[in-house]
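Here come two complexes built around chain A, the first alongside chain B, the second alongside chain C.
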Partner chain A sequence: MAVDYIYPDYEIVRNYDRCITCRVCERQCANEAHRYLEDENKMICDDAKCVNCHRCVSLCPTKALKIVKTDHCFKDNANWSGKTIKEIYKQAGSGGVLLSSMGTPENYPVYFDKILLNASQVTNPPIDPLREPMETKVFLGSKSQTVRRDANGRLITDMPPHISLSMPIMFSAMSYGSISYNAHESLARAAEKLGILYNTGEGGLHEDFYKYGASTIVQVASGRFGVHVDYLNSGAAVEIKMGQGAKPGIGGHLPGKKIVGDISKTRMIPEGSDAISPAPHHDIYSIEDLRQLVFSLKEATGYKKPVIVKIAAVHNVSAIASGIARSGADIIAIDGFRGGTGAAPTRIRDNVGIPIELALASVDQRLRNEGIRDQVSIVVGGSIRSSADIVKAVALGADCVYIGTSALLALGCHLCRSCQTGKCNWGIATQREDLVKRLNPNVGYERLVNLVSAWQHEIKEMMGGMGINSIESLKGNRLMLRGVGLNEKELEILGIRHAGE
Partner chain B sequence: MKLSAFELGYQALNEKVRASEDDIEIDQCYGERFIGAGAQDKTITVNGTPGNALGCYLNGAAIVVNGNAQDAVGDTMNDGKIIVYGNAGDALGYAMRGGKIFVKGNSGYRTGIHMKEYEDTRPTIVVGGSVGSFLGEYLAGGLIVVLGLGTDGFPAGNFTGTGMHGGEIFIRTAIEPKSLPKQVSMSLADESDMAHLQDTLQEYSGLFGVSMDEILSKPFYRLTPNATNPYKQLYTEN
Partner chain C sequence: MKRVYVNEKWCLGCHLCEYYCAFAGTNETDMARALKDIKINPKIKIEEHGDISFAVSCRHCDEPLCVKGCITGALTKKDGVITIDKERCIHCYTCILCCPFGAVSPSEDGAIQKCELCVKNSAGVPQCVRGCPNAAIVFEERG
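Here is the complex of A and B:
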């Protein structure tokens, strides 16, 4: 029975006229796809081991390598695709749950790509960000509902705690364990330099990174790994993770083989022990229970830190967000179903949740209708790919966005979607020392700063084009958006008009 | 310092508890929540009934309750001690990592779930009476002891130790535990197990005035996980 043999999806093509058998490809590939034949002085490769991460392609000094999609195929079948057939073989052979990583690659509509931005012409002139001041600073947290004055008529300014950001961007939660020490260091330093925040994820905070506390969001998830009172007080905000866009409704599971050395120390669990984050927090079964966790965190941090509640975008997201706003949370983070992950069951990743654009529009509208929009800030994530996505998200009602995959791409990720193997050749989603050191945090941090600074400039240009000089004036300003190729219902949910209207 | 919780509200009460450098005794406590959240170094005595999440994130302080406690006592507790001279509610010691909780009477559902241990910190929960269902669910480390004093029935509910992958649970009972989940191994505690429990049982005995003879008058069953990586075979890479 050889049905388990699956022809590789990608083939390594080597131009032997160019290959100088320097063996760089062999040394660089943690998957051991390349091999040197001593007798023949020749490099050969095993396509089956290749994950198409481009590490060898990028480092080949003579550009002798490329990776191509195989033209080997099953008989055409619109219903039973080759991918579907192969997945059945894998499960029939192993009995396992299919495990994937990063955001879903499936062809679902991307609403950001069907929304266009406005620009000023003639009347209300555009603004040139190179010569005019443009404000991208945002404050996240609960806004005061009324203007209060003391006996002398002076404003009372004792606001609830806020996060101040130089622009509406934060790095989303990626735990130490799912990504490497050097990746975390790059994110932390970039956040500090940029005046934004990064997020520890649920794996605790490495002792070396406490010094970046003012640029850190510390996360509390159902497993409560690495959570203690000093950790809670070290960050600028505390995030309760209720759900994640890539895997709504299920928990996390870092296998014991990845709980080694510093990971074990930071998560505060023994080496080799599975780190299981149950699907629910077993002390939260209602909004009232959530309120209890929100306030227990506020009590433990002396009411000095805003509390974020992060949920996955699911069908009833607006009702859930309304509950969260009433739970005492200062910020709601919503993660769309295209969001990335270090590992998630394929079926969950590709079939559960809803697009962030629709979730955001409906949550913002619902909170406005209920008159509680100012009680909370909204942060959205789940595949924010460019500054244009950010401008559209802000115009749909977001206060800020979380970027994860884009940040990893800046660090060198080639989106091969093999994080779950722990053999990331780019030193990001791995704990193998020889691989981790390939990511130089000095370079990584600079690349993140470059990306986000460039986006900030682009945001200013798009705002300027619309004649808007402050990001606050763009927030929820849906008149700046028009849909293309969307049906009535989609436009209604997004709260925007069709182009030409 | 002695203070009354009467009509203070939990925020004001906890502010006073946080601000005090001395030990504190709280009178007239009627359900104020989060008492002792993250407290490091004092003894807080509560006369009355503290509200939910008593001693959450506790980090070394001691809390004594002269009365019953409600839900989520010692949530994510890191170090210290909580002693309840009465019963406790649901989710006692959730995700607790260190320190000790002693409850004289019963505790509710989900006692000690997702407790874990790390290096020299090993959390301990001792419940004198019975516990509800889901005892020690997802247990990753630490010690839970259920004494079943005052009952002839089995002193725990259903689904004990579901998803357990570390730690140990001792149940004092004449009735052999039945229908345990497949992740759990069970044995009658032997001499070395009992020797290892000795200090913990003595501490309970000393605190609540129950004689060691009575505590040792029934056998103890020891539950441990039968795999440290129960989910290893679950996945196939795609």
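Here is the complex of A and C:
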């Protein structure tokens, strides 16, 4: 067995001068990394079990713990990194596909970090959002392209269905099953309070949450789990999930052991059966097929709910988006390659898809060129990390953003990227009852409300600085953006100028 | 009157309330210094069995049996808070026997101890509430 040994990536460092052996670390670690030695009245730990989730560190009342990256190493090699070597050992031992969770940690360029915002000076005054009105409200859906009047010359105001949001932010799709009941409750209540929407993901909607219907996007994905007519009509919008940024071209698989009790009921599948979402929708092989599903869902919801089509950002995303706009969808959601996941094959997550900033810019431009931009709203997701990312996304052409990882961080996630183990110490990505209760929705919902409200303040500050008092005036306003350290091609795709130009 | 309430639904059985309680009683500023190598004797205690756990401390009853039973008048109710005058306590432990919640216990010096909502120590507000990581213990006004 010793030949299989891989030295742990992280080490738990305990300051024994500060440890009072209260054993909270031991009680709170679902990975059982800490142990109490009765005879010595001493805590010990097993670094190999640590996933670096910081639960023990955060709860230790005397701050006696920290987790450090090990300085144990392989011989330096720019080509064969320690990570690569360990992955090979792991696969040589298991014969399996490597699994990962959350967004890719790999070092790809983050274009948001290479884009800077403008501000007004002298000739066009900035606006102080604390003293003057500042509008962040957005409406998502197909916009009328012509002014129509009736026989008496009165305006015809029958608009296609829209979603109204207090700010251009929604919580992205995370299914009940991949995240816990309490995490869902926190998201639902926060969305209601904030005047925004959350998304059921593809696991159906728990019966307790139908009351938050007006704040819910109900998703229809390739597995069609939990889909029935009341479900479709319970939400504010219906989303067809074609792809996910973390795993474009890949389906999903929730193991049978997680399909228990309420999850089985909500997903409408027998307890213990694997929930397999196929990679494709087996009834969609063309834009025409997609159009059929879009209109089936509109028919089922009496044409009262906008239909969103969500795709992963892939190489020919703008052509696909053009097709989606023509399929009758009201909103296109694009998920960038940094988007999160409860579990994805590592190689897919780390190597497939394109950055959301480039995808967004090219989709917005393509739809504008084709004169169909007003037919659809664009929502982008895939690692929106701050209000600045949102402002930049809106200026690049997005109507709204989806936030997933940021929302989970607000709920306590420490990005240890071990969701696939089902032993989330923060009560988020788990169904183990003793762990789920660690996330008190009364606390979780308040933290989500705090985060999003704070971002709204910041969005207003940044808009004010640019002399813009309505988010609609910022949309697609790429003159407010400048690139730094970007080459000609990147600037061309983003449709922005270089700083100094 | 504001009281400490516990909610079993959110209690994780982490026992942190006990340590924050014990720490509050020491009037120290550093918990490691205060509680290192000490077996704590907190006024709030976690009751647990299997998956169920919850914290138990003095309810500050409207009709407190401990006060009724106290033969020296060491236990009194002032502004809704039942407090102990250690000088008057003769260690008869009648109150411990009377309390239906098991919220009164002997302290190291022999006199009884019980939750006094941290009004007497330097913290000023109940430290079990402040230390609970999941809002399972709250300090609030209820009808």
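The definition used in the following text is that the second predicted complex is superposed on the first by the 498 of 501 C-alpha atoms of A that agree within 3 Å, B and C clash if a C-alpha of one lies under 4 Å from a C-alpha of the other, contacts with A are read in each partner's own complex, and residues count from 1 in each chain.
Heads up, the rule we're going with is that a contact is a pair of C-beta atoms (placed from the backbone, for glycine too) under 8 Å apart; a residue touches a chain by one contact, two chains touch by 3 or more.
Just so you know, these numbers come straight off a predicted model, no measurement behind them.
Placing chain B and chain C on a common chain A by superposition gives a fit, with no clash between them. Put simply, more of the residues of chain A are touched by B, taking chain B and chain C as the two choices. Once chain A of one complex is fitted onto chain A of the other, the partner contacts of A:296 are limited to chain B, with no touch recorded for chain C.
Rounded to the nearest 10, the superposed model shows the Cα centres of chain B and chain C diverging by 110 degrees about the centre of chain A.
Using the contact criterion defined above for the overlaid structures, shared-chain residue A:22 touches chain C, although it does not reach chain B. Contacts of A:158 after superposition: neither chain B nor chain C is touched. When the two complexes are overlaid on their common chain A, residue A:268 makes contact with chain B while staying clear of chain C. Residue contacts after overlaying the shared chain place A:501 against neither chain B nor chain C. In the superposed model, A:62 lies in contact with chain C only, and not with chain B.
Within the superposed three-chain model, A:440 lies in touch with chain C and out of touch with chain B [touch as defined at top]. For the three-chain overlay built from the shared chain A, the minimum Cα spacing from chain B to chain C equals 28 Å. Judged by the document's definition of touching, no chain A residue lies at the interface with chain B and also at the interface with chain C. Those residues of chain B that touch chain A in the shared complex are 11, 14, 18, 33-34, 37-38, 40, 52-53, 56-57, 59, 71-72, 75-76, 78, 90-91, 94-95, 97, 110, 113-114, 116-119, 134, 137-138, 140-141, 163, 165-166, 228-238.
Listed in rising order, the residues of chain A touching chain C in the complex are 17-20, 22-24, 27-28, 41, 58-59, 61-62, 64, 433-434, 437-438, 440, 442-443.
Within the complex formed with chain A, the chain C residues making contact are 9-10, 12-16, 18-20, 23, 30-32, 35-38, 51, 131, 133-136.
Interface residues of chain A, counted against chain B in their complex, comprise 87, 90-91, 93-100, 222-224, 227-230, 232, 253, 255-256, 268-270, 272-274, 276, 278, 282-283, 292, 295-296, 299-303, 345-346, 420-421.
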